[in-house]
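Naming follows writing order (A, B, C, D and E), and every chain is counted from residue 1.
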Amino acid sequence: MTADVNAPAPQTDAPLLALRGVGKRFANAVTALDGLDMEVRQGEFLSLLGPSGCGKSTALRLIAGLSEPSEGRLDWHGEEQARRAAGQPSIGFVFQEPTLMPWASVFGNVHLPLKLAGIGRREAEPAIAEALELVGLSGFRDAYPRELSGGMKMRVSIARALVTKPRLLLMDEPFAALDEITRFKLNNDLLDVWRRLGCTIVFVTHSVFESVYLSSRILVFRARPGRVVAELAIDPNQPRDEAFRTSPEYAGLCRETSQALARAMDPR
Amino acid sequence: MTADVNAPAPQTDAPLLALRGVGKRFANAVTALDGLDMEVRQGEFLSLLGPSGCGKSTALRLIAGLSEPSEGRLDWHGEEQARRAAGQPSIGFVFQEPTLMPWASVFGNVHLPLKLAGIGRREAEPAIAEALELVGLSGFRDAYPRELSGGMKMRVSIARALVTKPRLLLMDEPFAALDEITRFKLNNDLLDVWRRLGCTIVFVTHSVFESVYLSSRILVFRARPGRVVAELAIDPNQPRDEAFRTSPEYAGLCRETSQALARAMDPR
Amino acid sequence: PAAAADKVTFGTNWVAQAEHGGFYQAVVDGTYAKYGLNVTILPGGPQANNRLLLPVGKIDFYMGANMLQAFSSVVEGIPTEIVAALFQKDPQVLIAHPDVETFEQLKTRTLFISKEGLASYYQWLVADYGFSENQVKPYTFNAAPFLVDKNSAMQGYVTSEPYAVEQQGGFVPKLFLLADYGFDTYATTIETRTELVKQNPDLVQRFVDASIIGWYNYLYGDNTKANALIKQDNPEMTDAMIAFSIAKMKEYGIVDSGDTTTLGIGAMTDARIKSFYDKMVQAKVLKPGIEIARSYTTQFVNKGVGKELAPK
Amino acid sequence: MERSPFRWLLPIGVLALLVAAWHFIVTLNNLPPYVLPAPGAVLETLIRDRAVLFGSMLVTLETTALALLLAVAGGVGLALIFASARIVEFSLFPIAVILQVTPVIAVAPLMLIYMSTDSAVLLCAWIVAFFPVLSNTTLGLNSVDPNLRDLFRLAGASRWQTLALLRLPTALPYFLGGLRIAGGLALIGAVVGEIAAGSAGQGSGLAFRIVESAYRLNIPRLFAALLLISLAGILIYAVLSLLSWLALRRWHESEIGGPA
Amino acid sequence: MERSPFRWLLPIGVLALLVAAWHFIVTLNNLPPYVLPAPGAVLETLIRDRAVLFGSMLVTLETTALALLLAVAGGVGLALIFASARIVEFSLFPIAVILQVTPVIAVAPLMLIYMSTDSAVLLCAWIVAFFPVLSNTTLGLNSVDPNLRDLFRLAGASRWQTLALLRLPTALPYFLGGLRIAGGLALIGAVVGEIAAGSAGQGSGLAFRIVESAYRLNIPRLFAALLLISLAGILIYAVLSLLSWLALRRWHESEIGGPA
């Protein structure tokens, strides 16, 4: 499978979700987020970048509705608002840890979201096979999680998030455990998926290069309390390919992003 | 703390360990390694690079003695041989997963190897504080693992491996979950530790850049069955600093390594 | 002199109650002391715990329930024997609702019988009267199932269960004392080790004599102190219950009837024991050929001890 | 060794050692059979009275099996009800505890008023056996990996799906642990139930044999009956351990590396 | 709700409901007290006979506490021995199972030959209670995260250190689960032990009150005794749950989010 990196990007400017003055304080008095304002736009590929422990995962969990903000609010817009009201959010989440069910095979783990949607084994088979093919694990469908390498587990988790073709894809450092070549391939595959499905992706990464290569927009976080300190927009219609990766424009964007990140780490 | 990147590297050419024709086959008939020949030299910084699932973690576990090869053998040399015979291997291991004890605080987790060596809380305090300072977690000594972000957990794990100042340090993608700035800082800190302690480091990574920046030697693995397909030596006395990172020499080495990796991924 | 008194322990087979009255009497009125004995009574419980303590020497005398157990001791080679029988009649009774007129009618009733009962006298009821095991339901020393099931009867001690039935059920039940229908075992015996009989017959004699006197005094004398001790050992016991038990013991001649008028309380005769054994063999409760003579000795009883204490 | 067929010899060897010790204690101290019968005498009795004893054992085993089955059904069923919310668990657990601590010996007569002997025995055995299943299963149902729980939440899993596909598998090792405890308890529950409420006479279980033997002071026979109970207990435990191994060997730490 | 102080009202409310149902069953069916006494009558008896009953309860509770303590010591001790190697566990577990399934009712008379009544009662209660602790602790000791085990191995941890610092903490939630089962079992073990081996008469425990009340058809009093046992059981369970919560709330899933 080769990604059609030249197809038009699905981005629109319609807002999907706005976080307004969101704060998150944990029981142990750690303030993970404070006064976080950010927007997620319909169909964009948004990357969150920031130092370790700055609240990226926390923000992603808030967006997913897995935890409630201690202050501020989340506003959903448009179609998605209706969907959520009807209790049919279509979210794919790749957790920072693989989060596989130890008692199920690779196939079973990837099948899970479909099964939960009432799609049986037989019916789900093609979609699962496709997802496993995408992450290069076709040969391991009957293996159990404990028989997989770290990167393989993470790939199963990615396949599981993609198999439902969700409208909103939240990914928490999905490629951190992967070698560069697999990573590049999956970068392209993900872009392809994004374009084909026209879905919205919020992507947490530590790699400046990756964020620039993939995103249509990058938010840079600072730590404790976590909030957005910089925003970079990248032309979504710019084709993402080897040529882009070696272009001076890319290098410039990376430098810019790196500087923003460096500032975020030492904001004083 | 700034790393003294210009101190002489501790490398010698004396072999520490040789793996000869090592194979590893798991109970489920997956052959993770087959005919692996490699050497670890006294005092070197050796990186293992290779596609996901190629057997890097498996090789590291064999070196650590955590699993036995199905075929072939491991020969320890010199001082280390005697040490092992006396049952006093001094190994620090950073697992691919954080592997923290959920019931112990950050302090307790880092204390663990010292405690096992009979060093009490009070006595161990300065070493633990130093290790936590190194990974930037001084403020979290009383937090429990489940209250930490993914990257923070991994940093605790790194601190735990460093706190004993081991003679052999085995690290399985220690920095994969970290942002680039933290990562760069820890890269330098690790080089500093390596030089100061004169220890041997075997380092698994997915980042070509990282491997070139850190290592005195790089082994590139191919997958199923896993074995070494390329070897690159980098002058250990070359200072590792921002200048090196931006030098054309560095870029060339990175390109060379990337190509070796690309060949490893498609060996036919 | 109290200092020289022999310390002996007497184990009973149930919690303290009027059926043990004579022994308590001998304790409180100093009869045992007078016979040079310092007696401790160790009450039993629903499990016949104390019985095994006799052969191993933890207790010196044991209150046996009936002759059957003594016979099985012979079968199992346990060196104990009966030295006195305080109850001439086994108080074992079948308790029925008032509509039951005859013993025969019980054959059509559900019978609540304990496991021990089923293994012993009930086999005799099957053999001699044509009762059936199928009509039996377990008796768990609680009369409620009997009270609820109007078409049933249950086992009991004539001196004991009928009281609870009268109180709670509000009717006077029909009682069929098995002894009156031919189940002629002795009951509430004193058992001791054969070795003790051989080596210290004097001690045994003193215990038997004092106990017999205790029984005379308990039945016919002032038993208030004995009853107080019973109530102390068993706080569940009430004066009404004790009065009921004593009345029944007298009414049915449990302790003092038949041979006792001539031989005194505690009497045992070879003929009676032989007759009972033969019946049990007939009923297949016991095997033939048991040396029953080894299960008892009459050397300590039939001497008319204490007879003068009985009202004329 | 851990995997060799000889491993089965070990527990048997240990038991043999125990029996030998027992034998020597009896012969050296010259203990009479009513204090402690020699193993030989017990075995002899077992063989001589095999018809009666094995017949009784079958009756008891039947009760045990049924009680265990019902304990599983009841324990898991209650655990599922409790699992619906912490607050339900909190409100209803006292009732389960009351059931657990009710001495069946005391309530058996009341049971007999309303049910047949067999049902009463079964109920007694059930009361004794259900709690470990309930308690361990509840613990297991509450020990779900929070990340996996989030995953299910996100995937829009219904309460029921989360239960079936997440909480139940998580609870499986705990449940199987509870089951191993319940197995032995069902057996003694059956025996105690028989003592408390069981029928006597022909066709009755081992408890009656025990009571009867005790009454007749036939201690070797009492021990033969106890021996059968012990064997049944070991058998039940072995079967449940095997079951546990079969269910968990592919993924749970406790069973990776061979059946316990 | 889950955290509010009113949560304590819920189980009490449920129990109150149960008592009300009990009351109406009795009055509507006009049940005689010997079949099922009304709650009022039971309470009355409880208050009237409080001196005797509470005295007995103390005796029983003392036995229970001691038995539970010994069950923990014995269960954990055996689990530690078993933990030394799978093969040891495999060889010795049958003995533990034999102990578990031995009906104390049957062997109590034999125990009395060798020990005092009090010890025999204690032993009975112990036999009933130790197994869940043993079984769950063993399961927990074998459920160690394999990565952590490797970590310890690498750090040159001694067998003893691995046990103390890794396996025991891992086993803690399992152990505490076993303890909650054992708590109730120790209580019924004490009651059964008292019935089987206990001396009757003054200073004896609740079991004796129960047996004697049943025999005398003083059913309200029997229920008063049962009530006390139930209350004791709930109390023990609550204390053990609290203990469990205190020990695990900072790290184990089963207790994060409030005591069960």
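Criterion: a residue touches a chain if its C-beta (ideal position, glycine included) is under 8 Å from a C-beta of that chain, and two chains touch if they have at least 3 such contacts.
The structure presented is a predicted model; accordingly, all values stated were derived computationally and were not measured.
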Work out which chains are contact partners of both chain B and chain C. E
Would you kindly count the fewest steps from chain A to chain E, each step being a jump to a chain that touches the current one? 2
Compute the rotation angle for the C-alpha superposition of chain D onto chain E, expressed as a multiple of 5 degrees. 180
Counting C-beta pairs in contact, which two chains come out on top? D-E
Using CA atom averages as chain centres, what separation in Å is found between chain A and chain D? 50
Take the average of all CA coordinates in chain D, do the same for chain E, and state the distance between these two points in whole angstrom. 16
Rounded Å distance between chain A and chain B, as computed from the means of their C-alpha atoms: 28
Chain centre separation (chain A, chain C; CA means) in Å: 87
Two or more other chains touching the same residue: where does that happen in chain E? 35, 105, 109-110, 113, 145-146, 195, 211, 214, 252
If you look at chain B, which of its residues touch at least two other chains? 97, 146
Counting only residues that touch at least two other chains, what does the list for chain C look like? 48, 51-52, 56, 140-142, 144, 148
Can you list every touching chain pair? A-B, A-D, B-E, C-D, C-E, D-E
Residues on chain E engaged by chain D in the complex (per definition of touch): 1-2, 7, 10-11, 13-15, 18, 35-36, 86-87, 89-95, 97-98, 100-103, 105-107, 109-110, 113, 131-132, 135-136, 138-139, 142-146, 173-174, 177-178, 180-181, 184-185, 187-188, 191-192, 195, 207, 210-211, 214, 222, 225-226, 229-230, 232-234, 237, 252-254, 256-258, 260
Complex contact set, residues of chain D against chain C: 32-35, 108-110, 112-113, 117, 195-202, 208, 211-212, 214-219
Quick check: in the complex, which residue numbers of chain D touch chain A? 145, 147-148, 150-158, 161, 165-166, 169, 172, 250-252
Which residues of chain B touch chain E in their complex? 61, 64-66, 87-89, 91, 93, 95, 97, 99, 101-104, 112-113, 115-117, 144-146, 164
So, in the complex, the side of chain B touching chain A is made of residues 26, 28, 30, 49-53, 57, 96-97, 143, 147-152, 155, 172-173, 176-183, 206-208, 258, 261-262, 265
